[in-house]
Amino acid sequence: MLRALRSIVARDLRLSLRRRGDVLNHLVFFVIVVTLFPLGVGPEPNLMRIMAPGIVWVAALLAAMLSLQRLFASDYADGTLEQMLISAQPLGLIVVGKIVAHWLMSGLPLTLLAPVLGLQFDLPQQALGVLTLSLLIGTPVLSLIGAVGAALTLGVRGEGVLLALLVLPLYIPVLIFGAGGVAAMANGLGAGPHLSLLGAFLAISCVVAPWAACVALRVAYD
Amino acid sequence: MLRALRSIVARDLRLSLRRRGDVLNHLVFFVIVVTLFPLGVGPEPNLMRIMAPGIVWVAALLAAMLSLQRLFASDYADGTLEQMLISAQPLGLIVVGKIVAHWLMSGLPLTLLAPVLGLQFDLPQQALGVLTLSLLIGTPVLSLIGAVGAALTLGVRGEGVLLALLVLPLYIPVLIFGAGGVAAMANGLGAGPHLSLLGAFLAISCVVAPWAACVALRVAYD
Amino acid sequence: MKATTLEAHADGRGNALLRFAAPQAFFPLAGKMIPWFAALAVVFAVGGLYVSFFVAPTDFQQGESYRVIFIHVPAAWMSMFLYVVMAAWAAFGLILNTRLSGMMASAIAPTGALFTFIALWTGALWGKPTWGTWWVWDARLTSELILLFLYLGFIALTTAIDDPRRAERAGAVLAIVGVINVPIIYFSVKWWNTLHQGASVSLTKAPSMAATMLAGMFLMALAAWMYSFAAALWRVRSIILERERDALWVRERGGGA
Amino acid sequence: MNWGSLENFLAMGGYGLYVWGSYGVTLLCIAVELWALARRSRRAQPEQRA
Amino acid sequence: MKPRHRRLALVVAGVAALGIAAALVLNAFQSNLVFFFSPSQVAAKEAPVNRTFRLGGMVEKGSMKRLPDGLTVQFVVTDTAKTIPVQYKGILPDLFREGKGVIAQGKLELDGVFRAQEVLAKHDENYMPPEAADAIAKAQKGELPKK
Amino acid sequence: MLEARDLACERGDVRLFAGVSFALAAGELLLVQGPNGSGKTSLLRLVAGLSRPAAGDIRWTGEDIRKLRENYARELLFVGHANAVKDEFSADENLAVARELAGRKSTPLERADALERIGLAARARLPARYLSQGQKRRVALARLCLAADTPLWILDEPFAALDARALATVVALVDEHLARGGMAILTTHQEVAIATRLRHVIALD
Amino acid sequence: MLEARDLACERGDVRLFAGVSFALAAGELLLVQGPNGSGKTSLLRLVAGLSRPAAGDIRWTGEDIRKLRENYARELLFVGHANAVKDEFSADENLAVARELAGRKSTPLERADALERIGLAARARLPARYLSQGQKRRVALARLCLAADTPLWILDEPFAALDARALATVVALVDEHLARGGMAILTTHQEVAIATRLRHVIALD
C-alpha cells in the first residue's frame, strides 16, 4: 500500500522535474505576482506593510491554482487517467499520491520562499514565522480542494477559468484565516486561533477531498 | 483580405462561445480576484480606495494571462495550427485575427465591467472614466504581448507558468501606467500623460507583436 | 556538414569572418582567446581594486559608502551591454541561420543575468545608506528589475525547449522583443527625474567625477568586460560540445585527447 | 588613500556592511558562475574512448 | 494586392505606428508622470491633497530643527523659488544635509505643512574628494565650507 | 470467466446497441466488428469497467465487475485508442509506470526485452514526445510482452499506425496469450490472421 | 511541377534520411513507404513546408516553396496524423472552417454532399467531441471531396482508423484526383490499390 503510494508520488514528481524548471517556474511566478502589487498600488511603505500578508497569500493561492490545471488534465488527455481508473491500485490511493506530489511541487517551495518575500515588505520577525506556518498548514488545503476542482472540470472546455471559478470560493476561508493570522501577529495579537482554524480546514479536507475527487473522476468517464 | 480576417475572428469567437460560458468565466474570475483582496487585506475603506486601481488592473492582467494559454494551445494540440501555417491566408493575418478575437473575449468584457467594480471601491466619477479608458487602451496591449508569449511557449511543458514568466515582466509597464493614470485622476491630477504612454505601448506592440508571434509560431514547428 | 547553412559556403569564398562563424572553427579560436581574456580580467580587477580602495579618495558627500560604485556601475553597464549583444547575436541567428549565433546568445544570457543581479544587489545595498531605503519603485530600478526577469525568461524558455535549434530561435524572438527595455533603462533617469542619480559619465560632457575615482571605475569596468568575454566564451565552448556531440570532429577530439 | 589600520579598512567609515556586502556577494556570484562553468565544461567533454 | 505592394503597405503602416508612438511618448513627457512635485508646483496647488506624493527639492540652509519630542525633525524644502515646511519623525539617511537634494514622501496637511513618512536623500552625479569640493566651494562663493 | 448479458449502450439520444451478450472462457478470442461509429469502442469500455451500461451486466468469475473494482482491474489489460504514453518519459519509463499501475514490478531487463521484441530497442531512452505515431503505439503495446500473467486483454484497434512487422509481432503476442489460456477482446478494421479456433465474433452495425 | 532535390532530415542527433530527390508531374502519385519511425511523416512535413530540411530544397513550378509561402499553400492540401478537428464544432462547421483556411468559400449544399460521400451525413451536426475515432478521421478527409481545385494532396496515413467502406471511398477520391491531373503524396501501412500507372515509390528505412 505504502509502496504503491510512494511509487505514484515518485512518478508525478519525476514527471514534474522532467518538465524542466517546473518548480522553479512556480516560484518565479509567485515572486512576480508579489512584485506586481507594489507596482500597481504605488509604493507606500506603511501601506505595503499592511498589505503584505494579504498579497503573499493571494499570490500563493494563484500560484497553487495555476498549477492545478496540470494535476489531472495531461493524464486525461493522453489516456493515462483511464488506465489509472482501471488500475490494480485503488483510485483513492492514486488520487492521494497525486495530491501529495502536487503539494511537494507547489505548496512546499512557496512556503519555504515566503519568509524571504515577507522580508522585502518589512514584516516583523514573528509575523514571518506565522506566515510560514500558516502557509505550511494552508497550502495542503489548497492542493486538496484544488484536486476536487481539477477533477470536476476534466474535459470541460474553458477548463482553466472554470476551475478558478469553482476553486477560488473554497479557497477564500483559507485565505482569510491565513492572511488574518499573519496580520494579527504583525499587530501584536496571537495567531493561535487562526492557525487552529486552518488546521481544522486541513483535517476536514483531508477526509472529504480525496473521496470527492475520486467520485468526480469516475463521473468524468461515465 | 478583410473578409478573411473577419472569418478568422468569427471562427475564434464562435469557438469561445461554444465552450460554454467562456466569456462569463473570465468575468467571474476577474470579479473573484478583485474581491479576494479586500478579504486578504482587511476592509478599510480608505485603504481600499487607494488600492483600487492597482487591484483592478492586476486582476485584469491575471485574467488576461490565464486566458492566453488557450490562444494557440488547443489549435496546436489538435493540429489546426499546422493547417493555419500552411493555409492560403498569410500567417500574419491569422495571428492578428486570433489576437482580435482574444481581446474581444477577454479584454473588452473586462473593460466594460471594470467601472462597476470600481464603484464598489468608492472611486470618484472621473477616475472610473479613466479606469475604463485605460483598460480600453491597455487590454489590447495585454492580448498582443500575450500572443507572443503564448506562441513562444507552445508545446513546451510547464507552459502555463513559463508563459506567465515571459509575459508578466512585459506587462509591468502597462500595469504601472494603467493603474498610475487612474490613481492620478483619483487625486485630481490629469491622467493624460499616462494614457498617452499606454497609447504609445499599444502602437509599438501593434507593430512588433504580430511579427514576433508569427516568427515564434513558425519556430514552434521547425 | 550542412549544405544550407551559411558557414558551409564560407570556406570556399575565403571569407575568414564567416568561416569562424562555424562552431567547429570557432571552438579552438575561443579556446585560445579565453586565457587572454581571463588574464586581462585578473590584471584589471587587481589594478581596479587597488585603485578603488587605496588610491581613490573618500567622497565629499557619501564618505566611504561610495566605493560600491566600483562594482555597481560596471555591473550595471555590463547588464545592459550584454543584453544588447545577446539580442544582436540572436537576431543574427534568426535572420542568417548560422549555428554559432544562437549558441553565443545562450552563452551570454547567464552572465548577463549575473551582472543584472549584481547591479540590483549592490544598488540596493548602496541605496540604504545614501538614499535611506533599499528599494523604491523608481523607473531606473524597476526597468533594471524587468531586465533581470527578461534574462531569466530567456534562460527558462531556452532550457524548457529541448530541441536546441528551436530553443535558440524561440529565445531569439524573446530577446529581440525585450531590447525595447534597454533604452528605457538608460534614459529612465532623464525621463523620470526621480531618486537615482543622473549620468556621471557621458559622451557629451566632461565626467563629473574626480580622476582617480573615474580611473578605478574604468579599470573595474574593463575587468568586467574581460570577465564577461572569458565566461561567455567558456560557456559557448561547452555548448558547442554539447550540441555537436556526435559530429565527427568532436568524437575525434574525445578519442585523440 | 591610507587606511591606517585593518579595522579602519574593514569598517569603511561605518559603511562596512554595505561596501563589503556588495563586494562579497559579487565575489560569491562570480565564484558560483565559475564553478558552474567548470562543471558544465567537464560534463560536455566527449568521453574518452579506449 | 501583389506581395511587393503588400510588403510596402506593411512597412508604411509600421513606420506610421512607430511615429505615433514617438509622438505619444513625447507628449507624455511634457507633463508629470509620477507623483513628484517641486515646492513651486505645490504652491501652485498642482499637487494632490490628502494623497501621498513625493516632494523634491533642496533642504534650505539653516532650516533644520528638532522638535521638543526629540524625534521629530522639521526643515524647509526649497526649489529656490518657493518653500514648503516638512515634518518628519524617524531616522534620516546619511546623505541628508542642508543645502542638498531631498525627496520626501508624505501628505500635505491643511496647515500647509508636509508630513513626511519617508525621507530619502537625492544626491547629484558629482564625486570628488572633500578637498576638491572645498576648493570648488571656495572658488565659487568665496566663503568657508560648513564641514 | 467473463460473461456479459444483454448489454445496451446509449450515447446522447442514440442507442448504439442493445441485447449484446457473450461469454468468454480461457483461451478464447472475441472479435468485435463493425463500421466506424458502430459502438465497438463503447462496448470495450463497458467491458473494461470504464463506463456503465445502459442495461445489462458484466460478470467476472460470476461477480459484477463494478463490485470487484481493483480486483477485476488487476486481471485486466486495456489498450484503448489513446496510448496513455507520457511525452516526457522514455519508452522504458512509460513501460515501468504502466507496470506499476498494473500492480506489478518490472525489472529493467524484462523491460528491455519487451522493447526489443516490439522493435523499440533503438529508441528506448528517447522521450516519447519524439517518437513517431507508430512508435508511440508500440510503447503502449509493449505492455503486452510483460502481461503473460494478466488473463484478460482488451485491445481497441491495436494495429492502427503499426507497420507490417510490428503488426505481425502483436498478432503473435495475442496468439501466445490465447495459447497459454488467456482471453482477448479485439477490434480492428484490418484483416489479420489470429491462429485460434476458439473465436467469437460480434458484429455491430 | 513539384521537385525535391537531395533532401535530408535530422531529428535530434539522428539523420533520418539524406539525398532524397523526386519530381512529381500532373496526374502522378508518390508513395512513401517505410517502417515506423523511418521518417515518412518528417518527409511529408518538409514537402508541405511545415519544417525546413537540413539540406536540399523543394521547388514548386520552379520556385522555392519557402519563398512562395501562401502562394504554395494555396495549391496544397495536407492531412497529417492529427485531424485538425475541433471538438466543439460539428463536422459541417469543421469542414467550413477548413475550406476558409484554404482560402475558398463553401456552400452548405457542397458540404452536405461531401459529408454524405464520406459517410458522415447522419452525424453532420453532432459536435465532433462525440464522434468515434474513425468518424473524426472522416471529418478530416471530407476536405478531399471539396478539393478538386487543389492540385497537390499530401496525405499522411489517411486510412488509419477507417473502416473498409470509408477506405474505398478515399481511394476512389485519390483516383479521381489523379485522373483529373492532380498530384498526390501518400503514406500508408495498409495494402491499397490505387489505379494509376504514374506511380513513384520512395522507400525509407
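Every chain is named by a letter (A, B, C, D, E, F and G) in the order it is written, and numbering of its residues begins at 1.
Going forward, a contact is a pair of C-beta atoms (placed from the backbone, for glycine too) under 8 Å apart; a residue touches a chain by one contact, two chains touch by 3 or more.
As the structure is a prediction and not an experimental result, all values here were calculated from the model.
Engineer: Going by the touch criterion stated earlier, list every chain that contacts chain A and also contacts chain E.
Structural biologist: Chains that touch both chain A and chain E, as defined above, are B, C.
Engineer: Figure out the least number of contact steps between chain C and chain F, where 1 means they touch directly.
Structural biologist: Minimal hop count between chain C and chain F: 2.
Engineer: Hey, what chains does chain A share as contacts with chain D?
Structural biologist: For chain A paired with chain D, the chains in contact with each are C, in label order.
Engineer: Looking at every pair of chains, which two share the most C-beta contact pairs?
Structural biologist: Top-ranked chain pair by contacting C-beta pairs: A-B.
Engineer: Looking at C-alpha means, what's the farthest chain from chain E?
Structural biologist: Farthest from chain E by mean C-alpha position: F.
Engineer: In angstrom, rounded to a whole number, how far apart do the mean CA points of chain A and chain G lie?
Structural biologist: Between these chains, centre-to-centre, one finds 45 Å.
Engineer: At what distance in angstrom does the C-alpha mean of chain F lie from that of chain D?
Structural biologist: From the centre of chain D to the centre of chain F is 60 Å.
Engineer: So what's the Cα centroid distance for chain E and chain F, whole Å?
Structural biologist: Comparing mean C-alpha positions, chain F is 75 Å from chain E.
Engineer: Express in whole angstrom the distance between the two chain centres, defined as the mean CA positions of chain B and chain C.
Structural biologist: Chain B and chain C have C-alpha centres separated by 32 Å.
Engineer: Multi-chain contacts in chain B: which residues touch at least two other chains?
Structural biologist: As it turns out, chain B has residues touching two or more other chains at 18-19, 50, 157-158, 162, 165, 168-169, 172, 176, 180, 204, 222.
Engineer: Can you list the chain C residues in contact with two or more other chains?
Structural biologist: 57-58, 63, 65, 129, 136, 142, 149, 152, 156, 160, 162, 245
Engineer: When you check chain E against every other chain, which residues touch at least two of them?
Structural biologist: In chain E, the residues touching two or more other chains are 29, 33-35, 118.
Engineer: Which bits of chain G are touching chain C when the two form their complex?
Structural biologist: Touching chain C: residues 12-13, 53-57 of chain G.
Engineer: Touching residues of chain B toward chain C in the complex: what are they?
Structural biologist: It comes out as residues 148, 152-153, 156-158, 162, 165-166, 168-170, 172-173, 176, 204, 208-209, 212, 215-216, 219-220, 222.
Engineer: Could you pull out which chain B residues touch chain A in their complex?
Structural biologist: It comes out as residues 18-22, 25-26, 28-29, 32-33, 36-37, 39-42, 47, 50-51, 53-55, 57-58, 61-62, 66-67, 69-70, 77, 157-158, 160-162, 164-165, 168-169, 172, 175-176, 179-180, 183.
Engineer: Can you tell me which positions in chain F touch chain A when the two form their complex?
Structural biologist: Going through chain F, the ones touching chain A are 48-52, 69-70, 73-74, 76, 78, 80-89, 93, 97-98, 100-104, 127.
Engineer: Touching residues of chain B toward chain G in the complex: what are they?
Structural biologist: 4, 7-8, 11, 14-15, 18-19, 78-80, 82-90, 221-222
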